[in-house]
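Read from first to last, the chains carry the letters A, B, C and D; within each, the first residue is number 1.
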Amino acid sequence: MDRRGVLKVAGAVTAAATALVALPRVAFAAYSEKAFKQKAGADALQNAFGANATTPSDQVKLKAPDIAENGAVVPVEVQTDMEAESIAILIKENPSPLAITAEIPAGTKALVKTRCRMGKTTQVTAVVKSGGKLYTASKEVKVTIGGCGG
Amino acid sequence: MKKIIRNVAFGVIGLSVAAASVAGPEEDRQAFRKFYENRFPQVQPFGDFQNGVYSILPAAREQWEAIEEFPPYELSIERGEQIYNKTFANGKSLKDCFGEDGAVREKYPHWDKSRGMVVTMELAINECLEANGEKPLKYKKGAIADVSSYMSYNSRGQILNVEIPSDDPRALAAYEMGKEQFYTKRGQLNFACADCHMHTAGMMYRADTTSPALGHATSWPVFRSKWQEMGTLHRRFAGCHTNIRANPYKAQGEEYRNLEYFVSYMSNGLEFNGPAARK
Amino acid sequence: MSSIRIKAKDRKGLVDVKCLMKHNMETGLRKDKSGKKIPEHWIQDVTAEANGKVVFAAAFNTSISKDPYLAFAYAGAKGDTLKISWKDNTGATDSAETKVK
Amino acid sequence: MALGLAMVAPVAFAGSGTTAEHIEAATAAYKQVAKETGYQWTVSVVAIKAAKKALEAGDDKLARKLAHDAMDLVEATRTQAKLESETWKMRVPK
């Protein structure tokens, strides 16, 4: 948990990236403050993927509930059959919308499942980067507050 | 505040049921079960009632199943295992009380004739600790929920078979006290457990759907998303009472132990499937 | 004990990976009892390597839930050594290894 | 039970007595109902605490009003307990 540990991980990541030189399309992206601290989804995408023009596509499969059981833990799943380089999830109404970016090296399935926080009812967008272009699927997730459970 | 008081209706609702009866526990249980079977015919098989509100809400169930892919209570089970196997200062451990793996969930709650009281699993855990010179645990969350998680996990699949021994009238009295608790309106909001979780089970209260009481006792302890941690059944009882603006009873006090005795008896025949994840 | 729990199973050449990382994932928006803001503290990077090769990498914002859950699938086989590591914004790191079943 | 309350209640509602006495009466009534019936509302405690706080802050009028609110809540609690001692049985399915 010390600084040396950090360096070690950084080293491992660099080594891994080097090993993947044979696969030039994998740009190994670590956390980027420029992308994740943006207030607008388009700016976040621009900084994460170098592009912000998106095309809705029914090939992008986004699974998220219509009504969240609890806004603190909302299961979200993104999947596609396209050749994907990266996958991202945007939660429009959160203070900074970009929730996660995932790198999909060759041989890895274009699939990500995680659990997100949503402060209020919001549009959720799955973004798939394929062939340098961004494809999306969106849906609204209702977040209710108040009640016996919430 | 006066307005609130005036708005509290003392009218008797839910009178689709007949007047007072003196039926025994077994008749009670059959009527209880029949009530839920009639109200929620879509719950098939019957045993699915053990999954609480998810037995009647398909959309919520999908999210719950996604949570169950890697449930947050697994960390609690691990912590519980460590506590369970930890050697006491006197060289013994919880194993000396509950066996190698603690798979004893089906034995609780039970009527202890010698002491004339209902004994729950959490109470038994603390009594084991104290008997061995260890400090008892707090009853609502933390280590007690972890140990209970571990023991419940190892007991999954055991069938609820709570007995009310007929040779001890005090056992029946404890059951009756729990039953009265369940059906009695309390708090400023004037709700009985039975109002939300029986007569209007499955309906919305503000943003939430209430769960059927059948199966309420099967799946504890629970990792609640609202809590973001584990809690015991008595913690939930207290939370419900606070919600309806009634002062809660003490966890593991006589009132809640007897209430657990009653609701567990009502769920006889279902499986123990704790620990679980809930909203 | 590591903060990371991994379940990895080979399903016909595709390894299903599920992992749970114990971490508070503080958003920086919450306040403690005295009303003071709790500073943000969250996992920023997660990397998964199978037999030393990166098979999945993700970056998180604070909007990922407490005790983050991540699932993905890569082309691999039973017996692979799968290592998952994370790094948070304070520079802390942790990792765990498992054999694919 | 009814007798006990009859002894306390008039103090609060007669308008006589100091506000502190009214608060005390509400507190005593709350404790008595709790002891005799087991019924306790969280809001009664909240009102009593607020009354004490208002009195300490020198707002006698507000404190008195809150004490009376608390007494009303205790009265309602007592009514609930009385009704429920029999009506709960009607909610038991047959």
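Here is the rule we use: a contact is a pair of C-beta atoms (placed from the backbone, for glycine too) under 8 Å apart; a residue touches a chain by one contact, two chains touch by 3 or more.
In this text, all values refer to a predicted model and were calculated from it rather than measured experimentally.
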Interface with more contacting C-beta pairs, comparing B-C to B-D: B-D
Rounded Å distance between chain B and chain D, as computed from the means of their C-alpha atoms: 31
Chain C-chain D separation of Cα centroids, rounded to whole Å: 54
Gap in Å, rounded to a whole number, between the CA centres of chain D and chain A: 56
Per-residue overlap in chain B, given as positions that touch at least 2 other chains: 69, 228
For chain D, residues that touch 2 or more chains besides their own: none
Contacts with two or more other chains, residues of chain C listed in rising order: 18, 66, 69, 71
Topology of the chain contact graph, where touching chains are joined (line, ring, star, complete, other): other
Chain C residues touching chain A - in the complex, by the definition given at the top: 14, 18, 27, 29, 44-45, 47, 49, 52-66, 68-75, 85, 87, 91-95
Contact footprint of chain B on chain A as seen in their complex: 65-70, 72-75, 77, 113, 115, 144-150
Interface residues, chain B side, partner chain C - complex: 69-70, 72, 74-75, 78, 228
Residue numbers on chain A that touch chain C, as the complex places them: 1, 3, 5-6, 8-10, 12-13, 16-17, 19-20, 28-32, 36, 72-74, 91, 94-96, 98-105, 107-109, 111-118
For the chain C and chain B complex, residues of the former touching the latter: 1, 5, 7, 18-20, 22, 66-67, 69, 71
